[in-house]
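Two complexes follow with chain A in common, the first pairing it with chain B and the second with chain C.
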Partner chain A sequence: MSARTLSGTLLGTARSEYRMLIRRWPLWCLPAAVVAILLATGGFGFGTASSDPSSMARLVGQQAIGVNLLVLVAIGALLADRWVRDRQLGVEELLFATAASPVSRLWGKYLGVVAAAATTLLVVWAVLAARLAIHFGDLSIAGTAALAYLVLVLPGLAFVAAFGLVMPRLVGVRLYQVLFIGYWFWGNLVPQHVMPTLSGTWLTPIGKYADAGLFAHSSHSLLLTGGGSTAAAYGSIALLAGIAVLLLTVFGLAERRRLR
Partner chain B sequence: MSGLPRLGSRLQRWRYEAGRVGSAGWVVPAALAVAGGGFLELLAAVHGPVSRTAGSLVEAVLPLGAAICVAGLFGGDSCVELHLSLPVSYGLTLARRFVLVVVGAAVVAAALSATLALSGTWSASAGALAGQLAWLVPLLVLCCLAAVAAALAANGRAAVGLVAALWTAEEWFKNDMITTGWDRALYLFATARADQPPYLVDGRLTGEWLFNRLALLALAAALAVAALLALRRAHRLLGQRGNA
Partner chain C sequence: MITIRSLTKTYRRNLTALDGIDLDIGTGMVGLLGANGAGKTTLLRILAGILPASSGTIMVDGHDLRTPEGKRVVKRDLGYLPQDLGIYPDLTARGFLDYIAILKGMDGKRERHAAIESVLSLVGLDSVANRRLKTFSGGMKRRVGIAQALLNRPGLLIVDEPTAGLDPEERVRFRTLLSSLAADRTVLLSTHIVEDVASTSQDLAVLARGRVLYSGSAVGLAATATDRVWTLTRTGPPPEDAVVVSVIHRGDAAEYRLIADYQPDAAAVPARAGLEDGYMALMHDQRLPAAHPRQPLS
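Here is the complex of A and B:
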């Protein structure tokens, strides 16, 4: 198959997936509702923050952790059927009959899912950043918020979206949703003295290491086994993105082999 | 038609619906109970006491699984159009399936709860019967919430997202919820996850715990009524299967 066909399949699938998802109102309403409730209940801790730059950076980090924890879990559960729905809708055989490579379709779907969810999160994040800027009367916080979006929100989304595409094929959508939500709690919130858990390691998709290392937000540092540092922050980001790429690569190859 | 054939016909209908619900209603809670039991054994071997984790399995994980199964009832039918053209209400059919999923999960939860109590792993400090409220209340609230969200949104996946966010938020805001005023009545996991004041004092469950359970039961009843009202417009579920 030519490179042009491959890239055409990938971009076409990504565009189609993005267009389908971006019009789905639950992808907008769920994050908006969660953030509205967090704002209404003071869940972001505005009351304790002062307007010096380090305090504002900590607040941005705290805000990102809250958004990641509650919005990413909802998005992860919402997007769990994106790869298996072709089979559920009975169009998988039709797609097999085309020249579209399953690897290109998988990556296309992945890019479309990530782009659509990232668009939603960008809007939600922009509203939160504007709220902070108004609260402190300081527009410079926009830069900090943009950095937080790139290094705290997107890596977690990339990780969640990869598992949401691959795992439902292996264990079924409903069981995956239960396991994913349970994992989210176990792998992000459960302290290591309670039970063996990933929550103190670099592999925490809500971004605790990046938060501690780049935003000096310390309220989650107790759970970090290696302590917060810039190197640990970038290590955690690279690990999350690397696992997402590895998972999709292995799964894509397995799907291609299955269809030969 | 005489009473007996009518009863037989109704039983047959329930039996058919039980088969239709199938693995969605029974296998997921049972798989969670079995896998959770294995996890507890492993945890006890490599880490130590598992009492609170065992309680969390019954109180939080099984109700979550059941709620996701309830959400999955909405949108799984490939012939909704046909059903909507029949004199039998499609909303009533979904309500029957809802009951079957909840009863299936309740049977699994009761069996697991009894097993944990008999093995001395975990039991609620409220006597055997009242202790069943530990899992029954979150089960009903989460399932009814999933049903009302899926019925209103005409979308089962949105309901799962909502339940996921609520379930995680209950843990994230646990300390804030149980130490402030009115929202301590709305904390779902007040038996094993919050085995501390105001729900547990000197090893005994308190009146605050009972009030919490009753308030949540009332909430579940209100959500169930809302779901039934939403299901009166079951035609809104048309086309959901083809949605992105």
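Here is the complex of A and C:
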């Protein structure tokens, strides 16, 4: 199969998946509801931050972590049916009968899912960033917010989306959603000295290492194995992306073998 | 040309769906008849490259379906309409066809759009192409199904129970469409509705319990019931020794169409054998033990 056809399958699948997912109202309503409730109850506050750049960076990083902790979990649960959905809808047989590579379809679906969820998160984050800019009267916050979106929000989304595509195929959608949400809060809210979890390592998808290392949020240091540094920040981002790629690669090969 | 030799398919728990199938399928419309559970869908799924066979060989225009490369080549020239057609409800008909066309390797945007417009027109859905599929009726979804199967102008078109759930008008439209497509390609039509095959296929195969009971012309299958078809109008139940093909109740009496080796009743009148008669006679004969005596009524 030619490279052109493989890329055509990948991009075509991504485009179709994006179109289908972006129309799902829970993808918009759930994050909006979470943020609205938090804002109404005093969440995403400004604390003691000043308009000093480092103080702003800490606040932006802190709020991005908040988005990851509370909004990303909702999105991660919503994405759980995207791969198994083809079988549930009865489309799978039709797709198998084409010459399209299941690996290309998987990556296409992944890109489409990430793009759709990233769109939602971008809107949510843009609202929060605009709120910060208006409060502090400083438009340069937009740059810090954009960086936070790229290095704090997107890597977590990439990691969560990969697991959301693969794991429900093994354990079922509902069980995955329960386990995912349960582990998410247990792992991220229980202090490491009480119970060590993967959330205290570079594998934490909510971006604590990136925040501590790049946005200098010192309070994370107590929660992180080895503390926060720029190297640890980039290491965590790379590891999250790498695990996502590895998981999808292995799963893709398994699906291709299953269909031989 | 499709050549199938000694094809078997055994599922888990030793469930044998296909038991040593030998078939040759050429160009044109070929019907695949059989009751539910006969193995038709299993055979079609194997031909479509979706299911692996347990043993045996399948060659499609010289390509071996047992190899990944052979499967890939065959799939590129395949149009497949499954029995249980699934769709993406949130996509429009045009969007769905565009996606399937891409998966079929139609990378060129202009070529793809032209193919989509062509099949939409062929199945009469061009005016609703931008509507979401979840708003479509069952018949319209079926038409989308045949449209996606035709996108790549396949040399092999496999349709599994294409008229299931359609109203009579839709069924006739489908059959007419399929017949027109068979002129320059192989169309394999699987159905348990004899009328669909009778209206469209010159050649057919009959499957039962995973085996081929008959392979040949539709005329030949009908001929197996020659001199064995009777019509009988009477009150009360049909004769015990006869196979009932159809019954029409008219007041107190019923008009039976029967298969019997000998005149089942003094009032029975011989009738001309059709395809359905041949099918019923075949099904009846294969259920008889080998030494079953066919006795005339005294």
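Here is the rule we go by: the second predicted complex is superposed on the first by the 258 of 260 C-alpha atoms of A that agree within 3 Å, B and C clash if a C-alpha of one lies under 4 Å from a C-alpha of the other, contacts with A are read in each partner's own complex, and residues count from 1 in each chain.
To be clear about the criterion, contacts are C-beta pairs under 8 Å (C-beta built on N, C-alpha and C of every residue); 3 or more make two chains touch, one makes a residue touch a chain.
If you're wondering where the values come from, they're calculated on a predicted model, not measured in any experiment.
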{"item": "Touching partner for A:139 - first (chain B), second (chain C), both, neither", "value": "neither"}
{"item": "Touched partner set for A:69, first chain B, second chain C, both or neither", "value": "first"}
{"item": "Contacts of A:77 with chain B and chain C, given as first, second, both or neither", "value": "first"}
{"item": "First (chain B), second (chain C), both or neither touched by A:184", "value": "first"}
{"item": "When both partners are placed on the shared chain, which of chain B and chain C touches more of chain A", "value": "B"}
{"item": "Partner chain(s) touched by A:20 [first = chain B, second = chain C, both, neither]", "value": "both"}
{"item": "Partner chain(s) touched by A:99 [first = chain B, second = chain C, both, neither]", "value": "second"}
{"item": "Touched partner set for A:9, first chain B, second chain C, both or neither", "value": "second"}
{"item": "Touched partner set for A:89, first chain B, second chain C, both or neither", "value": "both"}
{"item": "Intersection of the chain A residues that touch chain B with those that touch chain C", "value": "20, 23-24, 89"}
{"item": "Of chain B, residues touching chain A in the complex", "value": "24, 28, 31-32, 43, 46-47, 52-53, 61, 64-65, 68-69, 72, 153, 155, 157-158, 160-165, 167-169, 171-173, 241-244"}
{"item": "Sites on chain C touched by chain A in the complex", "value": "45, 48-50, 52, 68, 71-72, 75-76, 78, 80, 82, 84-91, 95, 98-100, 102-105, 107, 148"}
{"item": "Complex interface listing, chain A residues touching chain C", "value": "1, 4-5, 8-9, 12-13, 15-16, 19-20, 23-24, 86, 89-100, 105, 260"}
{"item": "Sites on chain A touched by chain B in the complex", "value": "20-21, 23-24, 26, 29-30, 33-34, 37, 41, 43, 66, 69-71, 73-78, 80-81, 89, 173-175, 177-178, 181-182, 184-185, 189, 194-196"}
